[in-house]
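Here the chain labels run A, B, C and D in written order, and each chain numbers its own residues starting at 1.
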Amino acid sequence: MKTVIVTGFGPYLEEAQNPSGAIAQAIHGTEKDGVRIHGLVLPVSAGAVRALLEEEVRRLRPDVLIVTGVTRGRVAVAAERVAVNVMDFPIPDVDGRAFIDEAVIDDGPAAYFSTLPIKAILQAWRDRDIPAYVSNTAGTYLCNQTFYLACHLASSLPMRAGLVHIPLSSAHAAASPTPIPSLALETMYEAVLTAALISANHEGADLKLQAGMTC
Amino acid sequence: MKTVIVTGFGPYLEEAQNPSGAIAQAIHGTEKDGVRIHGLVLPVSAGAVRALLEEEVRRLRPDVLIVTGVTRGRVAVAAERVAVNVMDFPIPDVDGRAFIDEAVIDDGPAAYFSTLPIKAILQAWRDRDIPAYVSNTAGTYLCNQTFYLACHLASSLPMRAGLVHIPLSSAHAAASPTPIPSLALETMYEAVLTAALISANHEGADLKLQAGMTC
Amino acid sequence: MKTVIVTGFGPYLEEAQNPSGAIAQAIHGTEKDGVRIHGLVLPVSAGAVRALLEEEVRRLRPDVLIVTGVTRGRVAVAAERVAVNVMDFPIPDVDGRAFIDEAVIDDGPAAYFSTLPIKAILQAWRDRDIPAYVSNTAGTYLCNQTFYLACHLASSLPMRAGLVHIPLSSAHAAASPTPIPSLALETMYEAVLTAALISANHEGADLKLQAGMTC
Amino acid sequence: MKTVIVTGFGPYLEEAQNPSGAIAQAIHGTEKDGVRIHGLVLPVSAGAVRALLEEEVRRLRPDVLIVTGVTRGRVAVAAERVAVNVMDFPIPDVDGRAFIDEAVIDDGPAAYFSTLPIKAILQAWRDRDIPAYVSNTAGTYLCNQTFYLACHLASSLPMRAGLVHIPLSSAHAAASPTPIPSLALETMYEAVLTAALISANHEGADLKLQAGMTC
């Protein structure tokens, strides 16, 4: 039995029920295809995420660590390609802290590539009719920070790490005064579950798959 | 028991299974809240839609006629406000016919307003967590043509008429090489059903509801 | 010598110098190709625009009346096709008044088509390398209201009337904290001038020109 | 006198006159604020750019190397933050070669940060009313490849290196059948010139400037 940790984020701004956190809670305890999934809800707190991630990894020694988060305005699920060593926050976190051009980890490399098989995941998403793509930027906010921390941990462990970005859920988008893209929570749950299973069970090199025009 | 006709469109271009047609088929025969719904799939044929609409209205004498269609690229469901007396096709229909700046009905008025209670529908959509808005253009293609024909029929009958525009379904969007907005087919089905029930049962003037910034 | 009135709007919200008003001022007094252009800056006041338009038309008896206004978020200049008899304001005007689903003119028709030669204007814009299209919605705010009033006046006079919508100017867009589309003020000035000259001098029916996919 | 090399790209696909190449040609020979600028037009050839860049840097020993390129669909000028060690081409280059998930430089680091003072450049652009932002992805095509190569060269030389991305020019956008964002070539020329001068003359650490929400 392989072990996958899936993190999501807790409440933030107007989003009392963050869909990434809701998925992490709902997926917790799932066992499928020889994989056991542990869900973990992280606070949107730049100061707290590192210790929480490290503790959970130490405790569970997972094969895969998948961070998830919401990107308002995107239209599809994304496997992120690269985590960047920068924190440049457009708005403060839940502790009221913002950062401008600071490193996630001092003396860390400029970036880490996701070690999830992102093209194999993309293919699996397409096979399941899930709108998806490979994204080349995870931004410079907490999603990227947590993604970078996960990759940093993974660089010295037998563990894969990566970030799956999801759009707003349709229920959240319905509350927006102007139309904004979304997907059904069910679709995004299936996307995260699929990424977890493929990441745990894909063997060998990633697929060679044309990613499409996304930039 | 009130009667509502819901039309959708059949296959077109790459869309072998048009979601508006799929919804019209699935909703056919539904009875709820004192309303019986008849679904009708129209061909994407500018020359055929008028006779088919007129025949079905003559046969069923409905209280409400709701046309539905897909608008690729939109992010939410829309109650259209106004049908315009123009056909200006970006691409040919299934018969290979295109039109540039021709009238839907010669000597018809420049436009008809939807006689569905579009703001009451918008409120009901929001209450059900469906991403939605009021749109001020139905384009100049077959959706608008059919919408205009429906309103023209309704202008001399005790019948409400309007157009509900839906985005791509997530399953269709998943096949796009570049990310494109979508909603779950289930969400759009519920949106069309809700519009049908509200249109049949709403009494008196439409709600006075701020529509939001959509242009 | 033919006479064209070009209106633009005055300051509004953060836009102390509205580009449509700036163009109306700059173009005032221009004489070219047998056309004399009068610029007029209108306040963003739903209660004031009708009397101001009527007075200027009575005074100058123009051959053409072109209303211009800004649509934040658009990427190109647009010749609007249709003015709708509705006022549904997303935000109040300079007098603090908002309207929900009220008529511009009670008992007026649902819509007027622009009587500018919009396809000939589109062709002339393309010939001059100006990014442009034919738009099928002028929204439901003051631009549409003024456009409808202009068409209503034109319906009983030997005068053409229409609306040219412009994006933000690049200078205004530069002040936005998030990237937003724009064009150079010079490009938009040339677009308005071109529309004025073509509208005054184009004879016979409008061109039959494919408008492209814009909805 | 400081020396800055500004590269742009040559013809590609429908773009017989690539605006980045046009700017590189036009800016060649400019001397201003103690800076001499050399323009260089690179072919859109993955196999050719490395040797051409290296040769020009060896010949001129510049203080700054700025790569420029076009990103179709963007709305503003961007200072790119990070170059990634990956080539994942959506379409082949002029030699007909495409790449899927290959390294720009084998054994190179995952990414390099731009060593241009990107926030100081952003501030200077805003001061000059140029719509602009800091972008966190340069894509995975030739722009990113050349940017990565420039940063790789700069890592062992007393030279700053970075990428300025520009949108389509308005003249190019005017030829698009559907509306697409653009800026005036003059605006983009001024943006590149400003980036060159600031990069050569800015001393000390970069500004601490909020970048805005761009992801």
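Convention: a residue touches a chain if its C-beta (ideal position, glycine included) is under 8 Å from a C-beta of that chain, and two chains touch if they have at least 3 such contacts.
Molecules present, by chain and UniProt name: A, B, C, D = Pyroglutamyl-peptidase I.
Here the structure is a predicted model, which means the values were calculated and not measured.
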item	value
Superposition of chain A upon chain D: rotation angle, C-alpha, nearest 5 degrees	180
Distance-maximising chain from chain B - centres being C-alpha averages	D
Interface sides of chain A and chain B: same vs different residues, half threshold	same
Separation of mean Cα positions, chain D and chain A [Å, integer]	30
Distance between chain centroids, defined by C-alpha means - chain C, chain D (Å)	37
Chain B-chain D separation of Cα centroids, rounded to whole Å	46
Multi-chain contact sites of chain C, meaning residues that touch two or more partners	212-214
Category of the chain touch graph - line, ring, star, complete, other	ring
Of chain B, residues touching chain C in the complex	71, 81-82, 84, 86, 88, 90-91, 100-101, 109-113, 119, 134-141, 206, 208-215
Interfacial residue positions of chain D with respect to chain C in the complex	74-76, 78, 125-126, 128-133, 170-171, 173-184, 186-187, 212-214
